[in-house]
Each structure stands twice: as structure tokens, then as C-alpha cells.
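Each chain gets a letter, A, B, C, D and E, in the order it is written, and its residues are counted from 1.
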Amino acid sequence: MTGVVADNAQRDTVLDVSLVRKNFAGLVALDGVSLQLGRKEILGLIGPNGAGKSTLFNIIAGTLKPTSGTVTFRGRNITGLPPNRVCRLGIARTYQIPKPFLDMTVLENVYIAESFGSGRDSKVGTPAEICDLVGLKDKMHLEAGMLNVSGKKRLEVARALATSPDVLLLDEIAAGMSPTEGEWAVRFMEKMSQSYDLSIIWVEHVMRLLMKGVHRVVVLDHGVKIAEGRPEEVVNDEKVQQAYLGGKLS
Amino acid sequence: MLKGYLLVHKKNFVRDVVPWVGALVVLAFAPYFVSASLRSFLLFLLMWIALSQSFNIFTGLTGYVNFGFVAFYGLGGYGMTMTLLSLNIPIYAAMVIGGVISSLFAFAISWPTLRLRGAYFAIAMLSLAQALFVIFDNWNFVNSATGYTIPVKYYDPVLQYYYMLAVAAVTVLCLYVIMNSRLGLALKAIKQNEETAVSIGINATFYKAVAFGISAFFAGLAGGAATWTITIIDPPSAFDTTITLTAISMSMLGGLGTIAGPIIGAVILYSIEHYFGLTLPYLHLIVFGIIIIVVVLLIPQGIMGEIISRMKKSRRQEVGEEG
Amino acid sequence: MPSVLPGALVAELFILGLMYGLLYGVLAMGLTIVFGVMKVVNVAHGDFVIIGSYLSYWAFVLAGINPILSLLLTIPFGFLLGALTYLGLIRRVQNSPELMSLFLTFGISTLIGGLLLFFYSPTQRAVPVALGSIEYGSLSIPVNISIAAAYAIAVAIALRFFFYRTYWGKAVRAVIDNRTSAILVGINPDMVSLKSFGIGIAIASSVGSIVMLLQSISPLSGPDFTLISFVIVVLGGLGNPPGALVGGVVLGVVESLSSLYVNAAMTPAIGFIIMVIVLILRPQGIMGSRG
Amino acid sequence: MNRSTRRAISTMAVVGIVIVLIIVVVAGIYIATLKPKSTPTGPSVITIGMTMPLSGTFASDGQMSLNGIKLWAQDVNASGGIPVKSLGKSLPVKLIYYDDGSSASTVATDYQTLVTQNVSFLIAPYSSPLTLAAAPIAEANHLLLLSHGGASDSIWAKGYKYVVGVLSPASQYMIPVIDMLANMNPKPTNLAFFFGQDPFSLSVMSSVEPYALSKGFKIVFNQTYQETATDFTSQLAQLQASGAQVLIGGAHFTDGETIMKNLQSLGIHLNLVSLLVAPDDPHFLSDLGSLANGVTVPSQWEPNLNFSQFSPYFGNITSGQQFYNRFMTAYGIAPNYEAAEAYATGLVLEKGIIDSGSLNSTVVRQQLATENFYTFYGHFQIDSTGKQIGHTMVVAQWQSGVKQTIWPSSVATATPLYPASLQMQQPSTLSYSGQGTTSLYVGGVASESYMLSQSTHAMLAVTPTSPDRE
Amino acid sequence: MSVQGIDVYYGETKVLHDLSLKVENAELVALLGSNGAGKTTTLRTLSGLLRPAKGEIKFDSHSISELSANRIAGLGISMVPEGRGLFTTMTVRENLEMGAFAKRARREMKKTLDEVYSLFPILKDRQNQLAGSLSGGEQQMLAIGRALMSKPKLIMLDEPSLGLAPIVISKVFDALKALKENKMTIVLVEQNIDGALRIADRGYLLENGRLALEGNPTEIRNNEMVRQFYLGL
């Protein structure tokens, strides 16, 4: 571990992923990955295609069971719990390819998430307020299937927020958004994190944005954590450049 | 919860409720002004409405196609008959027990079967119903192949009509309540995207099993009421795959997942079957087959599904792309 | 139930079960190929068997053609019928959800049943061709069942040749394996589907000819054959042709040997129960490899 | 799919829906017109209602029965109708019948329809379950229900007052076969029972089993089977191993023929095979050829029976042969006992109406309780429950392509072919011309004739090589 | 091949916006861009698996935008899909035979087979093994070999380096280089920019379904946008 403590928010760890390993029919997708997420921290998770980011997300969210290793959420071992239990405990996720309930309106989508979700009173607001927050107020009564990519991504966020989470797993929220929208996403996440005591793990390929939005970055390659630290440090790391670009470009 | 959802939907109670109550009132007074033959036609039409609707409660709301649906009908019929004959309790109580037995069976098999998807689930359920048929046919506890007859002292066609009307009405009402409840919301989410549903905290396994059990309960009630009317029950009639297939065809023709759909489907198909059955013996199978083929090829969503999607389309055109 | 099992009887039952199993296994192969290529569960499979049976029956009655010879008729006729059914109906639901094809073929099954009833009345039909049995020691092996098994083996070999030695056969396997890649190498999936459906139905209706040697049939027997094929296909893994053959043999032998302990009326339940157990324990079937 | 085709298809969908709706409306109107037209001046016809299984499991039996009843109605009307004393005139007969598709629930609806159509009497559908489904409706409406094809004894054990059986109940079916076997020389010792798992066959089995034991037979094989099974070889191989000399069993049609084909392919040697229902059907011969030879069937009636010497005798048809010819001329196919019992049902009703002079079901039912007479079908007499006790079963056997009555000896037309095992292993010739079975049904009406040609007769005439003994 | 202003939708979502490209004969063109930029969609559209809603794709001056994927393959456009898309239940040799399914190629199959074997000798050793049992690198070679079997005029590869060890990656790139030298026209989608630019003649950089940059390898290397898109800084 590069051992950089980004800010004091990290001191109390909300989510602790420890030595997680996952094999798929002989292939090693994750090889002993550990990471900690602090309270109100926004952690970037990056790595080239096939590095194991999605696998890690799926393991935290309960969709996959790790071959070995543990996931601890606020001191409680949640390894191998089914996704619905994980969500009710307070970990929400978005999908890289948006998976809304297509035939329902935007508001219904959010409403369902709110009414099941964590089972507590929503700390973010009513479904309508959440739609407003993510900028879908005037599209609230449209069917989710009719939204454009950016709208669907916003809906993903709204749905995740409606479950009243403590930890938010964001998967490529900015891909498909315009640069201005992307800037909005960065500001929005920062605001959410501060106002609602939210910790975020953020996977994003639009690095320009990600690097502005996160406090700390973890880099995966071939299922192994190859770097961790502040964005500007990580970018100049030689291993990272090798993994990303196949070598130093210029 | 219900309140919040209704806010989202802005239900029009006058438009939504009045026709149903009207239909119920007409049907309730029907025995006083229609002939016995029409009453009997209506009775079995109500049975098919109840059956296609209880089929719809599970398959329409979850998207899992239950090809062994008749098992619930048969178990309800047997449950009703056997409790009636052995315990000598009022017939409505026996019917409820039949429904409960069928429901318990559904819960028992939900764990292994609901893990299966698509064609596997369909084939597994089909085989399960066939296995039940063979087992009942050989099982002395249920009087094997001979089955049971309901004693003539219970014969009362008007009362039978009202019971069937009650079963159909309660089944339709139950579907309405489910669709507007937390359970319905969860099922709707599961049907549209099970993965997302689970990711927002919905326990899909549990809700599916509940829907399965409710569907079985009402199919069992209908089976009990039908057995009372038909007066005999034996394995070939109780576990007749044709019943499953007819219920599927009816709800599919009308539109799975809608309230009015299975009712419309039942009215159309049962009328056709009754009409051709009376006049052209072999032709009704041919007509039936052609209708199914035409529906699949031309209106795969069923009549109500087609109407709804047309309404949506025209609304979309009003709103314009992306509103 | 005999307290001591005579070895010859057990051996005979085993051979009978094996031979019947081969025939039904081959029948199920027709179903499983169609599923593998198109993801279509053909509920009308058994009804195509009956069509073949009736064709053989009339060939026999009108022209005195032996059911074995009428294979020459039912195989091409089945293929043509299958191809036409595919072009006219199945093709239109190929890309819809599995459910739709299930409904469609159910409609076809109902239609065929109705048409057969309309034209042939509900009476049973059989052909008076007797072939006797081969006595071997204390074993007596029926000739007609042997012919059925021989035909099944021939079909299995022919299919194996087709799948592993011919270009189109390999193309069928390629489509089953990876549809997108198959298209990308230039295989026309519609042609493959057409041929597979033709082959599936040719198998069904030719088995119908063989069935005429073994038993009596009626227009309503179709669904019975469909059910047997379903059980076998699930045992062997949907979309897995060799699995279907294995599934058929397993089912045939188990049912035959179980007749020593179980009343015949219970026998059909054995197949269903095995199948439900297999589905629960190994949803991919006995031969399935995916974990 | 591009937009224009999609639009075309939805247009077609709308057209489809409209067509379906039209059909429904027409159906509705049709059903509405089924309501009785008011007849203020008393009945001008005798209306008799029934359903028949013209499709589904019992379709072939239903078709035969319907033909029998229709023939009776024709004959009655041709002779000027039935004289009704209370009205002082003869009235023609009108039949109203529907297809019940072998479904009990359809029977329940259709009989409700029938009772609103001014029917005076009801005739039951073929088969026991369907008769049981019709019975409560008849009972509740006080209408006579004559059963011609519902044999199960349980029908008369439910306390119905209006259900009258014309045929011998199931418990009587195999009794004469056992009697016959007990008289055979050498008498067989080991019997095998292989019945279908259905109410009728089980009912037959439950009475024949104790009866056979009481006659000193040993039952060495006893199983039941599902009618839908496609082969019975593994069970029959065990039957063979059990050392059984006689096979008694069966259920209906397809299964009976399949049992025969399986027996033949296994080369099983049996002295006698007696199966329910299937061998009585003329198809049994055309479908199985020489394999049919020697197979026996318990029968309610055979064409070669003649009861005209008994008194009192009722009906214009005086002999089985006469009925056979009459039926052949009308439908072009040979009648089986189902056709005969259905025709006889008409005769029983006719006799009841004439003797009571009334069209009131209750009166006619009381009259029938006192009747004791013969028709070409045999004896009629019922007990207090309405169950048939007068009529007796006979045993028929295929001999050289002809179905002969072999038991009881008082009415026998031939001596039993016993042991009859030899034909079982004779491979029939592959060049069989098969002219016997070209009965092509269109919409349930036989359009081509069933006729055994001379050449077929000659070919099937396999001379029994074993001496006939009795 | 030339692509003129195509729009492509996934359902109702527009994923490619007015995209135009050109591929000259015997040229190796690299399509670059971060995840979700639209590279794979572009390839799927060119191979006929997706239909452009607008615009035209021309190959040898014939329009192919309306042809089905198997027809396009028959014309000599061969694609190695992402994840290789092998027929895992068939042998190596059968996979290669399937590659030559198009009538044009089938006649010369024997000859082509030898050529592929000489390019990737390991495939010959493994010819009777099931494709699913090969190692990742061997599978990638088989996928390329299968594409070559159709005697293509144009070959398109989707992320051939994905999931491979660095040594194997360089082997794959060497093979591509060899192909290019044999006058094969190649379109390469890669996230390994360095490797791709080393062998490419020209490159296109996509971002959010739009063309962001076009040029020769050196121009792209020196453009700041690349580092920004990939690394954000």
C-alpha cells in the first residue's frame, strides 16, 4: 500500500474489503484485493478492461460470492450475503449499462427503490425530491425506457440514492454524459457525500472527470491492486501507465 | 405505502371501479333473468375467468410460465372433495381448505422449481403435474383412478353459480389489490429486471414464492368450486393438461399481466369452444389452434397488451420524443 | 413380483429398455437439435410423430407398403413439412422470447390434433405386420423392437456423420455453440435453422413410421410422445444431441428394470420424478458441462 | 422489421380481433336462440336430449353410440312415431345432441342447456365418468337418464332415482370369461391380470379377481397400466416369465392393440387372451390381421345373437343380423356392441312410453321398473336402483376373420378356439393388401365403407390347427 | 471501405453520432478510445450485426449498410469479435474450417489452412483439440486464424490483447504486423494504445460515440487529448 492518507474522513472505515479472491473456472479474476473506504470518502476505482473492477463491485454488492476473503461493512461481515440483504444494510449500486424498470415511469422507478431499499426513512428525500435532485424533475412521469443515456444514468443514481445508502457503488456514471453533465456529476457526488454522510466507490473511464471528483484512487490490473493514492500520484505511476497505455506514450 | 403508490398513479376511481361493480351486479342478478343453460354457461365462464386470472397472478406478474398450473386446480378439487366427504363441514370451508392445500403444495415446490428459468421451469412444472396425475391415479388414499363423486344432496346449481361468481370476483379483486400493493410493486420490478430489483433490496425469491402460493390458492378455490359443480373428480379430469393450456391461451389472448386481459380472453375462447363444441365437434380444436397461432404471430402481447402499448405510443407521440 | 430375479428376465428387460431407449433417444434428439439451434421448445414434436405414423399407415393400407419401406416417404416428407413449418411460422418468432415459440408450437400441436381428428376420426390405427422374435437361449428379443433400435442407431450414426463430417452439419454445431460468431464467419443462421427444423421433424415423422411397427396409435397420441421427449431432453441437457441419446437410454433402461418392482401404472411417474430430481440437482442435464 | 410492415401487422391484428369478436357475437346469438320456443299447444314431438363424446378420449365410442341412437330415431319416425296414450296420438322423436369432448365439465354445462330445451327424456353420454357428471342434473330436474355406455357399478350406488341402465354393469364383464375357462379342457390354472388403471377397468377387475379365485384359478401376474403408455413389453416379458396361461385385461382401444402387438413381438405363448372393449371393434381385425385370431372379448351384444324366441319380445328388429345389416346400410360400417346398446336404449325408452302412455319422466321411470322383456339386444330388467340385472354378457372370439359368439353355449355360434396361441407367432404376410380399413372420417361422418373383401377374408382365414374341445 | 456519417442506436439510445471513417487498401487502421466510446459498436455495425439508422457504409464502392451479417462476411469482411467468440465445443481444425464457410473461401480451404498453420504453427499441433481447451493466447491466434480462413479483404479485430499476458500480446501484435506486410487491410480496436499505434498506419480516436481525433501514430501520440481521455490528466 502506498500509505497515503487522503484526509481525516478516512479515519473511520465504513467498508473494508480484505484479501478478496475470485476464480472463474480456473481463471483468476481477483487475486487478493484489499481496500478500505472511509466515511464521506469518494474513492476512485480504475483499471483497464478486464482488470476486475466489475467483479469487485459484484462481490461487494453480493451478486457474486468471493472464493476467499471478506467484506466488512461497518464492522459487520457481509461476505456472501444476497444482494437484497446487502442493499437493505445500506450499500447501493448503479449499473454500467443502466438497468431501469423500462416500463415504469421515472418516479415509479425511484419510488420502488425508496419503498424497498434500506427499509429506513429516506435520508435524501421523497422520490419526487430525489428526481429533482438528479435533474429529472420534468421527466418524472416519462417511462424510463424513453430517457436518453444521460437521463438513464441519472436515474441509476436516483434509484441508488432512494434506497438510502451509506455506501454508493457508482459504475461509469459519466460515460454517455456530455462534458458539462460530467462536471455536474462530480459536483453532485461531492455534495451528496458531504450532506448525506455518503461514502462512494466510483468506477469511471472518463478519467478527466474522475480525477477531479475523487479523494483517492485504487488501480487494479489483472485482478491485482497495482497502485493506490492521490490522483496526481497515481497518474504518474509507471505501472499505471504501462497498464493503461501499454507503455509511456511520448 | 399504498397511498404513496396511488399518488404516483393518480387512479381514476370512477373509471376504474364502476364498470367492475356494474358487471358484478349484473352477474349477481343473472340467475333471476337468464335461462338455466345460460346460467350454466356463465358459471363455467366464471370458472375460466377465475382460472386464467389466478394463472395471471403468478405468470402475468412474474413472467415465469407455469405449465403445471392444473396441479393447483386438481389439488384444490381433491382437497375440497375429500374434506367435504370426510369432515362433513360446510362446502365453503371445504373449498378454502382445498385452496390452502394447493397453496401449501406451491410453497413446498417453490424452492426447487423457482430457481429454474424459461423453458426449464415450464417443462419441470409440466412434468410435476403429470407426475401428480400418475401418483393420484395409483394412490389408494385418494381412491386411485376411481376418484370421488359429490353426493347429490349437495347439488344446487344456483348456489354453485354464486360460489363460482364469488371465487371469480375474489380472484379478480385479489389481483387488483396485489397489483396495487407492495407485493405487486416488487413483482413488477422483478418481472422487468430481476437483477435490479434484487439490487434495491427486493427479496425476489420470497416474493415469487408468495405469488406462486397465492396463484395456487385461487386456482385451488376454482378447482373446488368446479368439482362441486361437475360432481365428479378423478385423476384424468383433475390433472388434465388441457386446463393449463386453456388458461394459458386465455390469458395470453387477452394479455398477460393485465386485469381485463384474461377476462376478455376467457370470454372469447370459452364462447368459441362452447359454440363449436355444440355444433362442429372436431372443428373447435382446429379453430383453437389457429387462434393461438394468429395471436402469437400478430398480437403477441394479447388484446389488452396491444391496446395498452398503442395508448402508450400515442401518448408518446403527444409528448414528443424525450418530452 | 418374483422373489428371486431370473437372470434371463433381467437381461431381457435390460435389452428391451435399451432398445426402446435408443428409439426415444433419437426422437428426443430431433427436439433437442431444434432447441439448440433456435431456442424453440417444440411442443408439437409428438404430433409430427403421429403425422409420420398416419403417413405410413396409409401407405400400407393403400399401397401395401411396409412401414419400414415407408421411411423413404416419411423422412423426406418430414423434412419438407418441417422446412415449411419453419418458413411459415417458426421463423417469425425466432427472435421473440422463448415463451412465444412455446405458445406457437402449442398452437401447431392443437391444430395438428384437430386436423387429424377431423380427417381420420378418433379411432386407433395399427398395421398388421408381424415380425416375430429372435430366440436366443432363454432370451426372446422382438424383431420389431430390434428394427427400431437399429433404425435409431442408424439415425444416430447418420447424425454424427452429418454433424462431424459435413460442412452444413458443422455449421449447425457452430450456430448451437456461438450464434454471433457463426454469423460472422458467413453462416446464414436462417438456412441452418431451416435445415435443423427440417431434420428435427424428419426424425419425428420417421420415428412415427417405426412406431407403427410397435404399437397402435390414435390422433391423440401425439402429446404422449412429446412428453417422453421432454423428459429425455431435460435428462440429457437441452440443446445437447448426444445427451438426448444417453438420456433416452437411461430412461428406457430405468423404466424397464423398474417394472420388476413397480406396478406398470406407476411407470410414467418414474420418468417425471427422475427428471424433476435431475432438474433440481443438475439443471444443465446429465451430460451438461456448464457448472 | 421496418415501420410499414409493423403497421401492416398491427392492422392485421385489428382485423383478427374484429373477426374473433364477430365469431363471439354470432356464438352469443346462436346460444341465445337455443332457448326454447314457446309451445302452447302441447308437444308435437318427443324431445330427447343428450351429449356424446365426439372428440377427446371417448370419441370413437361416442360416435358409434350416436349412430346407434340416430338409427333408432330414424326407424321410429319412419314407422310413424311412438304412440302416446295420454295424448291419443303418435309423436315423432326429435334428438338434441351436443359434443361434450369427453369432458365432464362440458357435460355438466350441456345438460343444463338440455334441460331448458323442453326435453322429455335424457340419454347419458358414453362412459362412466361422463354419465356420472350428467346424473345429478337429470336427478334434480326429474328427467329420466338412460345409460347405454356407463357401465361402472358405482353409478347405481349413489341413490339416483332417475338413472336407468340398459347395459350390463362393469362387474359382469369378465364373469362369463371365467365361467368359460372353468369349463375348458384342459382347464388353465394360471391367469394373468393386466387391466388399465381407470374406473371402468378397475371395476371389472375388482369383481373378476375374487370370482376367479373362487373358481380355483391362480393369479400369477397382476398389474395395472396407464392407457397412455406407448409400450408394455417389459411388463409382458414378466408376464411370460410368470408362467401365465391366460391373459385377462385391457381397458380401451389403443392400449388393447398395443398389448397384442407387444405380445406378438415377444413371441409369448398363451392359451387365451381376453381383452376389454378393443377386440370388439372391427378395426381390431384390420389393424392386427391374423394376430386378432383367437382373441376374445366380453361383449354386450354380437350380430349373430337372436333373442326373438323369448317373450315378450319388443321391436321391429328381430335379430342381431338384421341390426347388423340395417346399420351397415345406414353408415357403411359394421356396428359394435356400443351401437347396439345405444339403439336398444331407444327401444327401452319407446317401450316405456308405450306401456305407460305418458311423456312424463317420472311415470316412465316407474313403468321401466316393472318391465321385463327382450329386444334384439337381449333381456331388459332393472333392480330398484335402476341397475341392469336382466341383460347378460357374452364372450366373442375372432375366428378366421369373423367374430363368433362362443359363450354361453346356449347362444354360441362357434366352439371356442382353445388353446388359441398358435397365431400369435405367425408372421403375417407383408403383402397384405389391407382393403379393410379405409374408413375415412370427415367431420365425424364415415364416408368410405368398411368392408372385409373376399380376398381379405380368404387371406385371414388361418385354419386353427389345434382341435376344438369343449 | 468508407463510412459516411452513420448514426447507430441501441434500442432507443443513440450510441454513434454522425461517424465517418475511411480505410484504404492494405492499411492498418487503429480505432482508439476509452470504454464506452463506441469502438465495439462501430465494429459491430461494420460487420452487419447492427444496422445504422442513418448514413452509409461502402465496401469496394458497394453499399453494404443493408446487408445481413453473414452476407457481409461472404463479401470478404472478417471480424474477430471481442472475447474471441470461438466455437468452444468444436476442434481447432473445425473452427478453422468454419472460418472458410463462405463459398469463395471453401474452394481454397486446404491451401488457406496451410497458410494459417504456417503463420501459427501451434494451431497445427493442437488441431484436434477442442478450442475451449486452448490457452488464452492460443485462442486469440485461433480466432485470428479463423478470420483469415475466409480469405478476407478486410479483417477487423476487437481488443485482441484483452486478458493476455504482455509476452503473448507482443506475439499477437507481431502476427498482425506480419499480416499487414502481406497487404492485408486491417481495422484494429485496441485499448493498448501504445501497442496499437506502434503497428498502425493511421488511427481514429473516439469519445462518446463521436470522432475526436484522426491522424497518423505520431500525431496521436503527441496529442494531449489522448492522455486526457485515458488518464484524466
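Brief remarks follow.
We adopt the following convention: a residue touches a chain if its C-beta (ideal position, glycine included) is under 8 Å from a C-beta of that chain, and two chains touch if they have at least 3 such contacts.
The structure presented is a predicted model; accordingly, all values stated were derived computationally and were not measured.
Common neighbours of chain A and chain B: there are none. In terms of the distance between Cα centroids, chain A is separated most widely from D. The most distant chain from chain E, with centres taken as the mean of CA atoms, is D. The greater number of contacting C-beta pairs, out of the two interfaces C-E and B-D, is seen for B-D. Centre-to-centre, using mean CA coordinates, chain A is 75 Å away from chain D. Measuring from the averaged C-alpha position of chain A to that of chain C gives a distance of 51 Å.
Annotation: 32 Å between the Cα-based centres of chain A and chain E. Remark: chain D and chain E have CA centroids separated by 73 Å (rounded to whole angstrom).
Shown for chain E are the residues in touch with two or more other chains, of which there are none.
Each of residues 134, 137-138, 282-285, 291, 295 in chain B touches at least two other chains.
Residues of chain A found to touch two or more other chains are 146, 148.
Pairs of chains meeting the touch criterion: A-B, A-E, B-C, B-D, C-D, C-E.
Of all residues in chain C, those touching chain D in their complex are 2, 6, 9, 12-13, 16-17, 20, 60-62, 64, 66, 117-133, 135, 140, 142-145, 211, 214-218, 220-221, 224-225, 228, 255-257, 259-260, 263-265, 267-268. The touching residues of chain C, counted against chain B in their complex, run 35, 39, 41, 89, 92-93, 96, 98-100, 102-104, 106-115, 117-118, 223, 227, 230-231, 234, 238, 263, 265-266, 268-269, 272-273, 275-276, 279-280, 283. Residues of chain D that touch chain C in their complex: 55-57, 59-60, 63, 194, 197, 223-226, 228-235, 237-238, 240-242, 253-258, 261-262, 264-267, 278, 281, 283, 286-291, 425-428, 430-435, 437-444, 446. On the chain C side of its complex with chain E, the touching residues are 167, 170-171, 173-174, 176-178, 180-189. Those residues of chain D that touch chain B in the shared complex are 9-10, 12-13, 16-17, 20-21, 23-24, 26-28, 30-32, 34-35, 54-55, 57, 98-101, 103-110, 112-117, 129, 132-133, 135-137, 139-140, 154, 158-160, 197-199, 202-203, 224, 226, 443-444.
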